[in-house]
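In the two complexes below, chain A is the common chain; its partner is chain B in one and chain C in the other.
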Partner chain A sequence: MIMVDMLSAILVSGIVLGSGYALMASGLSLVWTTLGIFNFAHGVLMTLGAYVAWTISSGGGLGLGLAAGVAVTVAALIGAGILIERVVVRPFYDHRDILLITVMTTLAAMIFLQNGIQLIWGARLKQLAPIVPGTVQLWRTTISAQETLMIVLAPIVLAALWLFLSRSRIGRGIKAVGQNADAARLIGIDVSRLFIITFALSALLAGLTGVLLGSVRLLTPEFGSEPLVKALIIVIFGGLGSLGGTIAAAYLLGIIEATLTFFIGIYWTPSMIFLLLIVVLLFRPQGLLGKVVR
Partner chain B sequence: MLETNDNQPLLEVRQVSRRFGALVAVDRVSFSIQKGEIFGIAGPNGSGKSTLFNIITGIPFPPSAGEVFLAGQPIHKLRPHQISRAGVLRTFQKDAEFATLSALENVYASAVYCGQMGSNEARVAAQQALDDVSLAAERRTKAASDLSVFERKQLMIASAIAARPKVLLLDEPAAGLTRPETSDLADLIYTVHGRGITIVLIEHVLPLLLKVSEHLMVLNHGAVIASGKPEEVVRNPVVVAAYLGKREAGL
Partner chain C sequence: MSNNQNALQIVDLRAGYDASDVLHGMNLYVGANERVGLFGPNGHGKTTLLNTISHVIKPRAGRVCFMGEAIDGLAPQKIVARGLVHVPQANRLFPDMQIMETLELSAFTPRARAEMKANLDYVLELFPRLAERRRQQCKTLSGGERQMLSIGVGLMCAPRMLMLDEPTLGLSPKLKDELAEAIAEISSRGIPLLLVEQDIAFILSLVDRMYLVDHGEISREINRSAEVDHQEIMDMYFGSGAHDHG
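After this line comes the complex of A and B, so read on.
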């Protein structure tokens, strides 16, 4: 019985972690597959989402409630995503070294936004009220209802994202641009419009992760830093350019992290995860589900 | 779309230039092409031929200066996808298809996005375009990356004609082809031309260029050095010097 309880606890907390990682990493992966760059400001967009939602909805802020909080957060994140694309990415589209340049510019945007958040909201810890209060019993393990919401919501959001990319005209256009931007322009696709949509969508996913995690963890200006690093690992681990690989890797990493935390403790877990990444990349340089690029 | 009178050129390029820092890749080039023409462009490597196609289509960059008109309408300020939709399409020397999509899906995508067709119309147009370029039926469901060099040329041309362009710019279509394939390519160019599409052809393979072109323009160092009837242009000493090199011309 104790054995079953232990496995259940590991599995449940692994899936909770995996749900957050999947939402976070899919946004990062979307920008990578479409534009071929890593957006290092992705983590701070998650932080921004949580702070904006706190300001609008919480009693410590404007106290306008959940619905207003979500609406304003969505608008703010779409705006922030578009702004980052416009200001720090767009000027370098025609540049040969766009990948390296945007590492610098998006890191700059990250620091700028992080310090901006510190200036506006201060360093004092904040926490969002859970969207659904209470606790839930899941496979003999008790977790908060908010974490259950994450477990349920993540697959729905990811399935919607997948449907959007594979079925809608805009989504297919985004995939076409990711494969060959010149060919996409040639067949009459407005490439820069799709870059903007991609960034807005990615920012929205980061913001959603922030709102969901903002009641489970405490808000600080560095709230998004650790999830950003995890998301980077997941995108590489899952295979660059594969959304399915990213999602699979997110859940796998969640479960591995929960297992390691249980057995070796929280202190050594992050380094063990990096070690694992290195080992995987030694044997599969293309990542878990990535295809070898010829 | 405005009606065009018979004397108005279909494509008119006026004084276009493209600079990269100190380098002038295309230097105040002007020419005009009548509807239904096959217009050839020759010139040694680095003479600015492909750059000229780049700036006409805006893919990947517009001209630094100058104007381009399609049926009298200025297009040089349009964005790349708008130029494509207006009816100026091109092929690339490099592969420019969606590698994981099948040949049919590639052509279909062009008909939908560029030709602005509904899905049924686009399906018919895609099959028709693949018939026109004679891509074997059993090859049409293969991923573009699994096609041979010649089949990929057929695919690129089919993608273009499925969108019903007014002008098709062909950028060295014979590159990498065997001699019999080059001969098939000439037939392919005539087929496209027979569909009412005006053609601009850049080519290194001179016999092909001389065979199909009705008008020939020669570039060197980004500037026009000769333009006229192909058989006269190739005898022009300036062209011989530029194209064959000064040493051979001096013999």
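After this line comes the complex of A and C, so read on.
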């Protein structure tokens, strides 16, 4: 029975971790697949989402309740995504070193936003009220209802994202732009408009992750840093250009991380995860489900 | 020569990449229902011309009028929406998309969507091979199939005029004949054509009139009725002392 309890604890916390990672990494993966750049400001967008939600909803802020908090966060994050695309990515679309340039410009945006958050909200720790309070017993393991919500919500959001990309006209257009922007232009697709939509969608996913994690973890201006690093690992691990690979890798990494944390503790786990990434890339340079050439 | 009945009218068009000009003032027109060829060696601006007309490259000077209206300031998607459709050279299309997915997606502009059903039937009838391979991904297609799909994609855009850039590049004589037949069928529907080709026999079999392109300019216009034979064109174009090809 102890064995089963242990397995249950590892698996449940692994899936909780994986749900957050999947939401976070899918946004990063979407931008990579469509624009061919890494958005290093993706983590701070998550932080921003959590802080905006806190300001609108909690008693320490405006106290307007959770629904208002989520609504304003959605609007604010779409705006923030569009702003980042406009200011630090758009000027370099025609540049052949766009990948390297945007590493620098999105890193700059990250630092700027992170310090801006520190300036506006201060360094004092904050926490969002959970969307659903209480605890839930899940396969012999007790977790908070908020974490259960994440487990349920993540697949729904990701399925909606998948449906949007594969069924809607705009979504199919986004996929086409990612595969061949020139050919997309010549069939009448407004490429730059779809770039904006992609960024807005990605920022929205980051903000949503922030709102969900903001009641499980404590808010600091560096709230999104660790998730950004994990999301980067996941996108590379799952295979660049494959959203399915990203999602699979997110859950896999969540379970691996939970297992390692259980057996070797939290101090060694991050380095072991990097070791694992290196080993995987040695044998499969394209990642788990990635294409050999983008 | 210059009138509003023309499908396409290009006046003193200049364009290029970075510091260098490739088009040094191009002048040409395509009449309504006319099939016009562009012939000339590689690197003399034929592809750049098509890219500039479809606004993939921004023109530096000059005018492009389509159906009597200036389009040289319009974004590529707006030009496609008006019905001027460019089928680029060696288009690798969307590698991970299936044939049917690609064709359906290509009816992207509102006007093209309205005609999607009819155009899809037409493309599959014109190229039965695409119908047989409808679930196949673009990246796994052969050169000939990819070229057929490229033209099919162009037709799905509901063209009022087609610009084809070397549709027979790297194809076997048998496939060239098949494509020539398909292109002739398309233009018989009243769609004006601007055809870029290196294969002189192919181009002469399809066009009413043709321009010779040399160093980013039109060096000569040849009417089909003039009955110029192939050798004569080759001599004119590559012949002794006509131009310095350093």
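Methods note: the second predicted complex is superposed on the first by the 293 of 294 C-alpha atoms of A that agree within 3 Å, B and C clash if a C-alpha of one lies under 4 Å from a C-alpha of the other, contacts with A are read in each partner's own complex, and residues count from 1 in each chain.
Everything below uses one rule, namely that a contact is a pair of C-beta atoms (placed from the backbone, for glycine too) under 8 Å apart; a residue touches a chain by one contact, two chains touch by 3 or more.
Nothing here was measured: the structure is a model prediction, and the numbers come from that model.
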| item | value |
| --- | --- |
| Chain C versus chain B on the shared chain A, clash or fit after superposition | clash |
| Contacts of A:Ala183 with chain B and chain C, given as first, second, both or neither | both |
| Partner chain(s) touched by A:Pro221 [first = chain B, second = chain C, both, neither] | neither |
| Partner chain in contact with A:Gly245 - chain B first, chain C second, else both or neither | neither |
| Chain B versus chain C as contact partner of A:Gly14, first or second or both or neither | neither |
| Touching partner for A:Asp94 - first (chain B), second (chain C), both, neither | first |
| Chain C-contacting residues of chain A that also contact chain B | 172-173, 176, 179-180, 182-183, 185-191 |
| Partner chain B, residues of chain A touching it in the complex | 94, 172-173, 176, 179-180, 182-183, 185-192, 294 |
| Interface residues, chain C side, partner chain A - complex | 54, 56, 75-77, 80-81, 85-88, 91-97, 101, 105-106, 108-109, 112, 153, 156-157 |
| Chain A residues touching chain C - in the complex, by the definition given at the top | 169, 172-173, 175-176, 179-180, 182-191, 291 |
| Parts of chain B lying in touch with chain A, wherever the complex brings them together | 57-61, 79-81, 84-85, 89-90, 92, 96-100, 109-110, 113-116, 145, 159, 163 |
